[in-house]
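Labels run A, B, C and D following the written order; every chain starts at residue 1.
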Amino acid sequence: MNTFGHLFRITTWGESHGGAVGVVVDGCPPQLVLDIAAIQFELNRRKPGQSHLTTPRQEGDAIEILSGVFEGKTLGTPISMLVWNKNARPSDYKHLKDVYRPSHADFTYQQKYGIRNWQGGGRASARETIGRVAGGAIAKQLLREACQTETLAYVKQIHTLTAEVDTDTVTLEQIEASPVRCPNPNVSPKMAERIDTARRERDSLGGVIEGVARNVPIGLGEPIFDKLKADLAKAMMSLPATMGFQIGSGFGGTTMTGSEHNDAFYNDDSRIRTRTNNSGGTQGGISNGENIVFQVAFKPTATIGKAQETVDIHGNAVELAASGRHDPCVLVRAPAIVEAMTALVLADHLLRQRAKYTALP
Amino acid sequence: MNTFGHLFRITTWGESHGGAVGVVVDGCPPQLVLDIAAIQFELNRRKPGQSHLTTPRQEGDAIEILSGVFEGKTLGTPISMLVWNKNARPSDYKHLKDVYRPSHADFTYQQKYGIRNWQGGGRASARETIGRVAGGAIAKQLLREACQTETLAYVKQIHTLTAEVDTDTVTLEQIEASPVRCPNPNVSPKMAERIDTARRERDSLGGVIEGVARNVPIGLGEPIFDKLKADLAKAMMSLPATMGFQIGSGFGGTTMTGSEHNDAFYNDDSRIRTRTNNSGGTQGGISNGENIVFQVAFKPTATIGKAQETVDIHGNAVELAASGRHDPCVLVRAPAIVEAMTALVLADHLLRQRAKYTALP
Amino acid sequence: MNTFGHLFRITTWGESHGGAVGVVVDGCPPQLVLDIAAIQFELNRRKPGQSHLTTPRQEGDAIEILSGVFEGKTLGTPISMLVWNKNARPSDYKHLKDVYRPSHADFTYQQKYGIRNWQGGGRASARETIGRVAGGAIAKQLLREACQTETLAYVKQIHTLTAEVDTDTVTLEQIEASPVRCPNPNVSPKMAERIDTARRERDSLGGVIEGVARNVPIGLGEPIFDKLKADLAKAMMSLPATMGFQIGSGFGGTTMTGSEHNDAFYNDDSRIRTRTNNSGGTQGGISNGENIVFQVAFKPTATIGKAQETVDIHGNAVELAASGRHDPCVLVRAPAIVEAMTALVLADHLLRQRAKYTALP
Amino acid sequence: MNTFGHLFRITTWGESHGGAVGVVVDGCPPQLVLDIAAIQFELNRRKPGQSHLTTPRQEGDAIEILSGVFEGKTLGTPISMLVWNKNARPSDYKHLKDVYRPSHADFTYQQKYGIRNWQGGGRASARETIGRVAGGAIAKQLLREACQTETLAYVKQIHTLTAEVDTDTVTLEQIEASPVRCPNPNVSPKMAERIDTARRERDSLGGVIEGVARNVPIGLGEPIFDKLKADLAKAMMSLPATMGFQIGSGFGGTTMTGSEHNDAFYNDDSRIRTRTNNSGGTQGGISNGENIVFQVAFKPTATIGKAQETVDIHGNAVELAASGRHDPCVLVRAPAIVEAMTALVLADHLLRQRAKYTALP
């Protein structure tokens, strides 16, 4: 289904070249003072055309709120938001009508549904994430108000270039100061250069986004299936182009022994903390009060300018070379999306925790 | 919630030292001839005490089916199954009553619920996975009957030892022939030795399980949130001790360019296939007919015999050394669990696909 | 939550005086040729201002479809639809800002949320049903295409006037030919007169809507909680102003004995049918192929012109007399809504039945 | 699905003649002191064999709790409970193997699933309600602890005999003092006689159960689909043999005018109350603090001793006369079930209300 979340819930809709894309946010508590500029700010971080490192498509992506807000505050009723598709150029995609682009969803959509909107990726377009970012922007505001929880994400790796980032101190300003959204000022220019080279070579690059959530209340996450790490994994792996998720020590931790890996507890001035954070902020699927830290692998953009072997819908071999507007590296625009999904998961679990584990009177 | 799946659904229950652990399987189609020995076979693969590489606890883990089956066939009604907790020794855990074991769920459960069953991990015990394995065993039978889909999982890596395995040809027999469940006969003995060394050193090891699903119908998975890769990620990250999930090229694919990474389509005797499988069998979140291939990172077992620094429930620093029975490396028992979760995800999406994308009459 | 349905699902949003009201339809199968005029037709049946028997508010209620449809066919992706609030006159409601209208939702919304949109009922307005009717119109088209199932509803009773209607033969044309939507031409004029009298007396009337579904496939409905009768009851009781639901013999059947009430089976030319239909078309919660017949009780409209005792938000006693535009009897506009909800329930169960109880290959 | 509830949730399982019937209660808050005798008390009220007014089958129906409780308190984990099927006599039903009993679920189950357990009704047996009653007994305890909310149900009508009952003052003791569970001592003996007459005539009777919930917090119920009245309607109409549900004025209210029907608000010593309760305790789908009062219509028991016309599974006409043990009137055993379902709905909405509408800090 096109719905995510149990108590704080979004339902997204829209194709890249239909009338609009949008989201219904259901379950947001009432009386939250809603900062609409903050929602637009997140959409601007996500939108194309921000620099020569992203696709040259110019999309205004101006958010409209149609319900759920009254005199500046949430009503507790569904918040419907949309962005009109203004810069759609379906003619750009006409040559793709009968072709299955490699590593895109054309083939699988056609097989699954027997029909697809071939204009710009249709429902599989990254444009669908607009609804997630708008919904996530509200979740962020709820988290800030309710428990001062902050979610951040940034570029950790582009192709073979990796950046060290301090998860305790990294700020939104540092992230936004970098055109590639890598807060390490030494690595950021090299990444920009690497992306520009790929663009000129009509090729594309992948990489890794790191996400961190700070000030997460202890106790979020439900054991067994709805572990915090499980819901974060689903959230991230539901994004286009993601190929992997790891939390805490992740795949690297598999070469450690238990005595090296275990996070020793200690009493830090009446607050129980862990000396290391190989667990990535959750134990037994429940937040332990340490930073939640995870990485998400994004494959190189499937749309490239180089010629590629493929087949058409009749099964004939054809050669394809993209002429449309596209990103040489989606990671630059991904932090807003990863933050949004993180906030949605945490907001949902915050409400779930409130419901059930409030002490009985 | 303790429920997983939308149409093919399991609800698990039980603490490691309560009366029993069990599962209710809801949504299994009727008239499936149920092979109960095959369910027990999977539980036997999961159970402790199989060799000196696993915990010496002996648990019969004999399955009882209480409903949903009539004259050997499923009724279409809920299938309730349980395993009694026969070998429980709560006294083994008495010294843990007031202690938070490092990298265990003791602390977070206590904080979340204000109460916990401290006997053997309670609900956070790996014993909970019995219900998953029993439910998954039924999902496997459904998949085999409905579409000859096969799910396999095996040890790909223990500590720093990695094994090459051919995902096209690997068999259950090869996996089960290895005491560590690594089907590569060259690496398997080294892994066994490495685990035995860790055991003797009162330490523990982690590693990687690789899962593969073959003969998956094209079209499974729902775009946007319930992508096949997203539901697999959630399934795997909902398991105890998992720290990462990757599909297809995974994190390794982030250092490739788009022209290297894209999977070219070709016409293989009227079946459209891809020359490479960096996508891991799904595109746009929907199965494309190639093998689904993924890896899951498991941290080294948190329970170790070595002395560790920690705190008790009053916040006092204490030293802890496990005296209970435990596994030096959980990966040996994990393949049955990973296969079960894979089968549960696929069975659920098989039913979802049937419901909606059957051509209209 | 603001979502209804498991596989065929609607999410409605919007306040009566916000920007718009709308719906996201999720789970509609692909390749359905969508008749947009048929959706508008249903909205027109629901909209105010149709005659002097309904509120004089003129609302265009023109539907806009923003996603999910391509070249006239459904894509299998979410269908987002909205109607702008054009004729909103918040000033009409200013005097209600601080008053709790009797038998309205003002008091309970304020208590639940601590905030409410007091303009025209906000989220509790009957205007919310626009989304249901639009979504139901698509469900109707699916049912017609898939199994020729037809849903009809009409006025069975207004105040003390009751009409006999033949559930086997009644047609949409007969219903729409009556200004009160009562297909019995003898009773219809009396009902119209009764409503007009109530309008002149600044009072209001209630009554009963009867719903019938014909050509329902045998086997819809899931035993236990999601019985067809249970989901229909929820659907109807989720409508504003409904106070009761009964199926088949309903409350009247409670004075019969079992030997009078039981529906004898007989073989009607190789089709097993029942001689009577006291069961109302379902047995064990599952459709048996007979007509589904049920009634829904609607209370008299809470908004009346007569002076009424009430309190304001500060607890002070005040006298209230509505000056806004309102319906003396909502039943005239209710048939489209009851049909929509019936179609939504049946479409959902049609997909559920397809998913699970298709014979295994 | 076999699951009911969103946050406080039960999953029931079991056929009448399988190994056992049971329930998994998920979402019960932790630290609730669980009174197991109170659970058994409710099961005893439901069980057959209580007097000559119920079926002479003797079933112990002793509850076993297998998980989720530790040292007398709930853990916040799933509570699994079961009752073994001890008095099953499948041979009693052998003659029914190939026959469709009128107004039973035999025909529809067979058509839906292609298979059915014909022993004693299988999954469609009233024995399934054991799980509901056990789960509801826990919900009752939660409601009492959390907000002193009390749910009661009793026989309001048997056949043509109706009893006046004061919903404000009726007590459990008064209900249990009557062998037919009608708290009106004038009508109760006449009802008993009427039932006994039906039994001797090998016939059966229906009637009406009235439910009341007192001390319900203001604000429970979610507008739109999950209105309190809608969830109660679904709960009641999901019970076997129910044919109608009405709340407050119900069907009777349809003959009133708005000025007669509206519930005037007044200030009762700083508490806002209504002078009448035609709304039945909810407005806009949300509890308003008045008693919740509703009625449920039960058809006469389908199993009767009199000869009936029907068909067998081959479509041949046959005559059927029940020889098994059965109830001449199920209403005597129904109050515990109706109370349980009421408590489950209220407990679920209590948790939902806590989650979302707690004031933000």
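Details
One rule holds in what follows: a residue touches a chain if its C-beta (ideal position, glycine included) is under 8 Å from a C-beta of that chain, and two chains touch if they have at least 3 such contacts.
Bear in mind that the values here come from a model prediction, so they are computed numbers and not experimental data.
The chains that touch both chain A and chain B are C, D. A rotation of 180° superposes the C-alpha trace of chain B on that of chain C, rounded to the nearest 5. Over half of the residue numbers at the interface between copies chain C and chain D are found on both sides, making the touching surfaces mostly the same.
Rounded to whole angstrom units, the spacing between the C-alpha centres of chain B and chain C is 45.
Distance between chain C and chain D, defined via averaged C-alpha coordinates, is recorded as 26 Å. Rounded to whole angstrom, the centroid-to-centroid distance between chain A and chain C, based on C-alpha atoms, equals 39 Å. Counting partner chains per residue, chain C shows two or more touched chains at residues 1-3, 12, 27, 30-31, 76-77, 112-114, 123, 223, 357, 359. The touching residues of chain B, counted against chain A in their complex, run 1-4, 6, 12, 100, 102-105, 107-109, 111-114, 123-124, 128, 157, 159-160, 198, 203-208, 218-219, 221-227, 229-238, 240, 242-251, 253-267, 270, 272, 274-275, 278-280, 282-288, 295, 297-304, 306, 308-311, 315-317, 353, 357, 359. Residues 1-3, 9, 11-15, 18-22, 24, 26-27, 30-31, 64-70, 73-80, 82, 112-117, 122-123 of chain D touch chain B in their complex. Per the touch definition, chain B reaches chain C in the complex via residues 7, 27, 29-32, 76-77, 142, 145-147, 223, 351-352, 354-361.
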